[in-house]
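Please find the structures below.
Each of the next two complexes has chain A plus one more chain, namely chain B in the first and chain C in the second.
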Partner chain A sequence: MTGFILRRLAQLLPVLLIASLGIWAMIYAVPGSPVAVIVGENATPEQIREVTVRLGLDRPLIVQYGAWLWAALHGDLGLSIQSREPVLALILGRLPPTLQLGLAAILVGLVVGIPVALASALRPGSWLDRVLSGWSALALGVPTFWLGILLILLFAVELHWLPSASSYVPFTEAPLAALRNIALPAVTLGLYVSGIFARFLRAALIGELRADYVRTARSKGLRERDVVGGHVMRNAMLPFVTIVGLMLASFVGGTVVTEAVFTYPGLGRLLIQAIGTRDYPLIQGCILLVLLLYMGVNLMVDVLYAYIDPRIDFG
Partner chain B sequence: MTDAPVVSVRGLDITFAGRIHAVRGVDFDVFAGEVLGIVGESGSGKSVTALALSGLLPPVARVTGSVRLGGIEVTSADAETLRQMRGRDVGMIFQDPATTLNPLLPVGRQITEGQIAHGTLRAGDAEARAVALLREVDIPDPEGRVRQYPHQFSGGMRQRAVIAMAMAGRPRLIIADEPTTALDVTVQAQVLAVLARRREETGAAVILITHDLGVVAETAHRVAVMYGGRIVETGPVEEIFRRPRHPYTAALLRSLPRIDGEDARLIQIEGQPPTPGALPAGCVFHPRCPVGRARAQCRETEPPPVPPGALVGAACHFPDEAGDALAPTVAAKAAAPVASAAPPLLEVSNLHVAFPIRGGLLRRQIGTVRAVAGVNLTLRPGETLGLVGESGCGKTTTGRAIMGLIRPSAGSVRFDGQEIGGLRPKEMRRLRRHMQYIFQDPYSSLNPLLTAGQIVAEPLRIHGVFETMGGDAYVRGLFDRVGLSAGMIARTPRDFSGGQRQRIGIARALALQPRLLILDEPVAALDVSIQAQIVTLLQDLQRDLGLAYLFIAHDLAVVRHISDRVAVMYLGRIVETRQKGALYRQPLHPYTQSLLSAVPVPDPAARGGRGRIVLEGDPPNPARPPSGCAFHPRCRQAVAACSAEAPALLAIAGEAGMVACPLAEAGA
Partner chain C sequence: MSGVVWRLLGRREALLSLLYFIAIVGAAVFARLLFSIDPLEQDLGNTLDPPSWKHWFGTDELGRDLMVRTVYGARTSLLTAAGAVLIAASVGVPIGLVAGFFGGWRDGLLMRVVDVLLALPGILFAMALIAVLGRSQMTALVAVGITGIPSFARVTRAQVLSLRQRDFVLAVEALGGSATYNIFRTVLPNAWSPILVQMVILASVAILLEAALSFLGVGIPPPTPSWGDMLRTGKGFLHEAPYYAVLPGIVLTCTILALDTLGRALAAVLEAPEPGMAPPDGEGP
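The block that comes next holds the complex of A and B.
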C-alpha cells in the first residue's frame, strides 16, 4: 500500500516539473510584462532597469527558472504585487474555506444523487425513472448563478432564515454557524453535481444489474436489497468514484461563480482578482496549488479504487 | 424413479415483448437422482426454459403453463416465495465462471451467502461451512482459498466453486446451463466428474443444458432435444443416440465432428436455426428437413408435441423416416492429395515469444512469460496443420507471431523461402497479402458500421488493387464463393447470423487471393450445425484454391476432421506432431493421451468403457513453468528424470512424426 502510494507520487514528479515550467514561463507569454505592471505607465527607462534588475529578470532564463523553482520548493512563491503579502500565506488563507465548501457541496451531491440514481436504476423506464431523469437534467441545466440568486431571494431575503452573504466559519469551531453560512452555496453547487452523480450512477447500476453475477446472486435466493446493496452497488462504485473525485478536484480549484454570488472567500475569487490585476506571482501560486490539489485528489481516487477492487495489485 | 417428479413442467409457453415466442408448449418431468440433458442450438429456448424453472425471467417475459417445483407453482408464485425457493429447492450453475462470480467479493462469502439469506446458516459459521463446501468440490487448500477473490482462482476452480455454491443449500434440483462450455477439455472432465460425484452424494436431480452432444452422451440419463422453442424429441440417452426419431436429432448427430468416427465429410444441415421472432409455419424444422422439406403436411401442420409424461417420443409427422436423414445429402468430395514433395510454404523454426512482466517502483522487468518457447512447424501448399492445445498454451501467440502481429523474441519464420523477421514494414505489408488471418469471434471482428461488401473490399482498397482485381463484380464473386447471397452485400454485420458473419470473415481473408490462412478457432463460437457448414466450406476452398491452413483450435474433433497433420502444444512447446490418423489412433505423449481421453464422445455406449484419464490440477502458470518437462507435475507416467531436463522433440521411428517424451518413444 505504501509502495503503491510512493510509486504514484514518483510518477507525478515529471508531470509537476513540466507543469512548473509552464507556470513559470507564463510571465513571458502573457502580454504586458510584470515590470510594466509594477512601475506603471509613466516610468523612466532607469526605473524600468532598476526594477528589472531587482526582480532578477536580467539573468539568463534558465537561471531565473532555477531560482524560481528552488524558492518554490522552499515554500517561497514570492510576494503579491498588489498586496505585498507572501503569495503562499494568501493562498493558504483561502484554502480551508474552499475545501469546506467543496466537501459540503460533494456531500449534498451524494446525498441527493445516490438515492435518485438507485430509484431510477431499479426500475428503468418507469414513470419514476423518467421523472427523476428529468430532474437530473434540470439540476445540470440550471445555471448556478441563477439558482444561487433564487436561493438567496427565498431563504435570505424572504424568509430571513439564512445569511445572504456567506462568510467562512470553520466547521470544527462553530458547526452551527458554519452550516448556516455554507448551506446556500453548498446546496447551489451540490444540486448541480447531484445531477451528474445521478446520471453516472444510474448508468453504472443499470449496466451492473445486467451482469451475470447478479443473476447468480438471485439464483441463490438473496433478497433484492442484498443483491443491490451487497453486489451491485460495490461494482457500480468503481466508475462512480472517478466522477466524484473529478468533481471534488474541480471544486478545490475554486468555484468562481458561486463564490462571487455568495461573496464567499474562496480560491476562485482570489484567482479572478489576481488575473484582473495582473498579479503574476499570485496567479502562478494559485495555479500551482490547484495543480497540487488536483493531483492529490486523483491519488486519493486511485487508492480508493485499489481498496474497492481486489484485482488491482498494490505491488 | 417411481416417486413424484422433483420438477414437473406442463405446457410451458414463454413470449417476450408479445411477439418473440421463445418457448412453445414444453412438457417434461425430472426425477430425483436423474440427469435430464436438454440439447439445442442457440435460440432453441433451452436457456429461457431454465430461467423460467427458477422464476428468474425478466418481467417483460409472459409465462403461461405450469412449473411445479418443491410444491410451488413457479409461474404464479409471488416474489418472496420464489426467493425462498431459489437456493433451497433449486440451485443454478451458469456458463461462464469468469462472470458468474462477483469479482469484488471473496469466494467463500459468495458460496455461503445464499444459506445465510435462507436462515439455515449463522454468519459466524459461514467460513467453516465455505471451507467444507470447497473441500467437497476438490479445491486444494480450502482454508487458504476461502478468503480469496475470483480472479485468484483458475477457470476450473471457479466453476467448481460455483458448483459448491449451487449445492450449498442442498437443493433437490440443480440446473446447469452450459456448465463446461467455457472450460478447457481437461478441466471440463474434472468439473463434470465433480458434478456427477456431488449429485450422487446429495441425490439431487440435474437438468443439464448444453449444445455439446458428447457431454450429454457421457452424463445424461434422459435427453430432450429442443428446436424452435419446442421439445422435438425425448427419450433415454441410449435411444436418442442409437435410433433418433426426429430428423433434426438424426441430422445433428450426423453433423457432429467426432474424434472416434470415420473420415467422411461432415453432413451439414442446410440453412440457419430459426429465430424465435420469425418461426416458419408448419413444422419449425421443415425448411431444413430432408424428410419433410417437400411435404405439404410438414409445411402446413405443426406435428403434435410428445405427450406429457411420455418417456420416448418425437414431434414429427414421419418419425419412422428420421433414419433417412442419416443418408448423406451431398456426395463426399475427395480432398486433393497434398504434394509432399513440394517445398514448404511456411517454415517456422525455434520460434520464441516472450512477454515481460513488470513490477516494482520503477516498473522494471521482474520476469518473463515465455508464451512460445521454441516452436518448429512446416506447412506445405494445400496442407492443413492443426495446432491444438488448451487456453494459455501459446497457440494463438504462435499464429500471431507468424503473421508478424507480434514480434518474436527469437527464431525464424520463413514464408515461401523468404525470412520475414527482418522485413521492413512496407515489404511485410506486401507479403501479408499472401497470408491472412481469420478470427474466432465473428461478432467483434467485423466493423459494425461498414456494409458486408465494404468489409470484404477493404483489404483490396488497403492494397490499392480494388479496381485491378475486378471491383464490385469480384466482391460479388467472393460472396458467391463463401455461400452468401450477393443480395446481402449492402447489409451491415448485425443483419447476419454468426455463421454468415464467419463467412464474411472468410471472404475478406480470401479477397487478396492468399496462399496461407491462419484460422484461429474459426468455428468455436458457432452452433453445431453451423460448424459443419463452415468446416465443409473451408475444405471446399482448400481443394479448389490450393490454400494452406494453419488451423488453431482447442476442439480436437473439429481438428481431426480438417487437418492432415496435427501439432499438440503444451505451455509454449510442441509436445507431439504427427499425421492425423496416427495421432488419433495411438497418441504417444501422455498429454495428448489425456487430452484425447478427456473429449466426451457422443456415444452413450462408449461411456465408462474408455478408461478416461482425468488430469489433476490446472495448466501451470506460463510465467513460472515447472522445471524439466513442463507437463511432469500432471503426468501419470512421470519419473524422476522428467523434472530434471526438458525432453527434446525427437523423430518417431518408422513414422513421419515427432514426440517430446522419452517414455512415449520407449513404448512406441
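The block that comes next holds the complex of A and C.
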C-alpha cells in the first residue's frame, strides 16, 4: 500500500514541477517588468533598482526559479502586495471556510444523489427514472451562480429565512449558526454534486444489476435489499469513485463560483480579490495551494479506489 | 451522414434543443434587424423598470433594455464559445493524432503536457491567464479554448489508437503512403464522430465557463453585454428588480442545456449500431 502511494506520488512529481514552473513564470508573462508589477507603475528608477536587488530579480532566471521553489517548499510564498502580510498565512486563514463548504456540499450531494441513483436504477426506463434522470441533467446544467441567485431570491429576499450573504462560522463552535450560514451555499454546490453522483452511480448500478451474480443471488432467494446493499452497491462504487475523482476539477471551480455568489470568505474569494488588485504573489500562492489540494484529493481518490477494489494489486 | 441527421431529429429532446439553439443563433446574428434599440443605449428616466410590452425583460440600472442586452449577450457568448472550440480542436486534435498514431516518446511527451493542463481546474487556469494578460473578450476566448485542449487530445488519441491497427490503415502504410497522408486521409476521416460530439459538448462548457468568468468579474469587461456580467450586476438588485438576474439566467441555462442535450443525443446516435439498411434519404424515422 505504501509503495503504491509512493509510486503515485512519483508520477505526480513531474506534473507538479512543470505546473509550479508555469505558476512562477506567470509574473514574467505580465506585460511590463515584474518589478513594476510589484512596486507599481509610478516607482522611481531608484526604487525599481532597490526592489530588483532585494528580491534577487537581477539573478539568472533558473536561479530565481530555484530560489522561489525552495522558499515555497519551506512555506515561504512571499508577501502580499496589498496587505504586506505573508501569503501563506492569508491562504491558511481562508482554508477552513472553503473546506467546510466543500464537505457540506459533498454531504448534500450524497444525501440527495444516492437515493436518486438507486430509485432510477432499480426501475430503468420507468416514469420515475425519466423524471429523476431529467432532474440530474438539470442539476448538472444549471449554472451554480444562477442557482445560487435563485435560492437567495427565495430563501433570503422573499421568505427571510436565511442570510443572503454567508459568513464563516466554524461548525464545531456554533453548529446552529454555522448551519444557517452554510445552508444556501452548501445546497447550491451540493445540488450540482448530487447531479454528478446520481448520473454516474445510476449508470454503474444499472450495469451491475444486469450481471450474472445478481441473478444467482436472487435465485438463491436473497432479499432484494441484501442483493442491492450487499453486492450491487459495493461493485458499483468502483467506476463511481473514478468518475467522482475526474469530476473534482469542476467541483473546485464550483467552490470558487459559489463563494462569489454568497460573498463567502473562502479561498476562491481571496483569489478573485487578488486578481482584482493584481496581487501576484497572492495569486501565485492561491493557485499553487489549490493545485496541491486538487492533486492531494485526486491521490486520495486513487488510493480509495485501490482500497475498495481487492483486485487491484498494490505491489 | 443524412441517416445520422434523421436519426438525431427523430429524438424529441434533440429536435427541441436544436430548434432552441437555431433560434438563439438566429437572434444573435440578426440582432440589429430584430431590435431598433442599441444594447448600450441608456435611458436614465426608466431604470429598473419591470418587464412590460415595451421592455419584455425589463430595464437595468441604467435604463438599458434587458431583452436586447440578453440577445447581444448571446452574440458575445456564442462567439466566445465558437472561438474557444476552434482553438481547442485545432490544437487538441493534432496532439491526439500524433500521440495516438506514432506512440512511443511522442505519445509520452504530448500526453504529459496534456496532464499538466489537466492538473489545474479549468476555471482556475482561465483566471490565472486572465490575471496575466488582462481582461478582454480575446483573453477570455483564448483561456476557455486552452482549457478545452486536453479533452480533444484525449478523445482523438483514444480513437486513433483503436484505428491504428485496423487493416485499411496498415494497408496504406504497407503501400508506402506517408504518415501525413495516412493520418489526414485515412485515420482522421474515420475518427471524426467523437470529435464532433466533443465539439458540441465543449461549446456548452465554454458558454458556462465564459459566463462564470464574467460573473466573477474577470471575464469580458463591461459595457459589452455578456450573460455572466448581467447576472453579476443583477444580483445587486435582487430586492428592487428580481427579474434582472432571473430572465437572462433562464436564457443562459437553456442554451447550456440545449447544447449538452444535443451533444449527448449525437453521441447516442453515432454510437448506436447503424440500422440494417440505412433509410433512404427523406424517409428516415
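The rule we apply is simple: the second predicted complex is superposed on the first by the 299 of 315 C-alpha atoms of A that agree within 3 Å, B and C clash if a C-alpha of one lies under 4 Å from a C-alpha of the other, contacts with A are read in each partner's own complex, and residues count from 1 in each chain.
Here is the rule we use: a residue touches a chain if its C-beta (ideal position, glycine included) is under 8 Å from a C-beta of that chain, and two chains touch if they have at least 3 such contacts.
What you see is a predicted model, and the numbers here were worked out from it, not measured in a lab.
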{"item": "Partner chain in contact with A:Ile287 - chain B first, chain C second, else both or neither", "value": "second"}
{"item": "Chain B versus chain C as contact partner of A:Gly125, first or second or both or neither", "value": "neither"}
{"item": "Contacts of A:Trp146 with chain B and chain C, given as first, second, both or neither", "value": "second"}
{"item": "Touching partner for A:Pro60 - first (chain B), second (chain C), both, neither", "value": "neither"}
{"item": "Dominant contact partner of chain A by residue count, chain C or chain B", "value": "C"}
{"item": "Contacts of A:Thr216 with chain B and chain C, given as first, second, both or neither", "value": "first"}
{"item": "First, second, both or neither for A:Val256, with chain B first and chain C second", "value": "second"}
{"item": "Chain B versus chain C as contact partner of A:Ser164, first or second or both or neither", "value": "second"}
{"item": "Partner chain in contact with A:Asp226 - chain B first, chain C second, else both or neither", "value": "first"}
{"item": "Which superposed partner A:Met295 touches (first chain B, second chain C, both, neither)", "value": "second"}
{"item": "Residues of chain A contacting chain B in one complex and chain C in the other", "value": "none"}
{"item": "Chain B-touching residues of chain A, taken from the complex the two chains share", "value": "3, 6-7, 10, 211-213, 215-224, 226, 230-231, 234-235, 308-311, 315"}
{"item": "Chain A-facing residues of chain B, complex", "value": "54, 56, 79, 83-88, 90-92, 94, 96, 99-105, 110, 113-114, 117-118, 149, 151, 162, 165-166, 168-169, 359-362"}
{"item": "Residues of chain A touching chain C in the complex", "value": "14-16, 18-19, 22-23, 26, 29-31, 137-138, 140-146, 149-150, 152-153, 157, 164, 248-250, 252-253, 256-257, 260-261, 271-272, 274-276, 278, 280, 283, 287, 290-291, 294-295"}
{"item": "Chain C to chain A touching residues, read off their complex", "value": "112, 115-116, 118-124, 127-128, 130-134, 204, 208, 211-212, 215-218, 228, 231, 234-235, 238-239, 242, 245-246, 249, 252-253, 256-257, 260-261"}
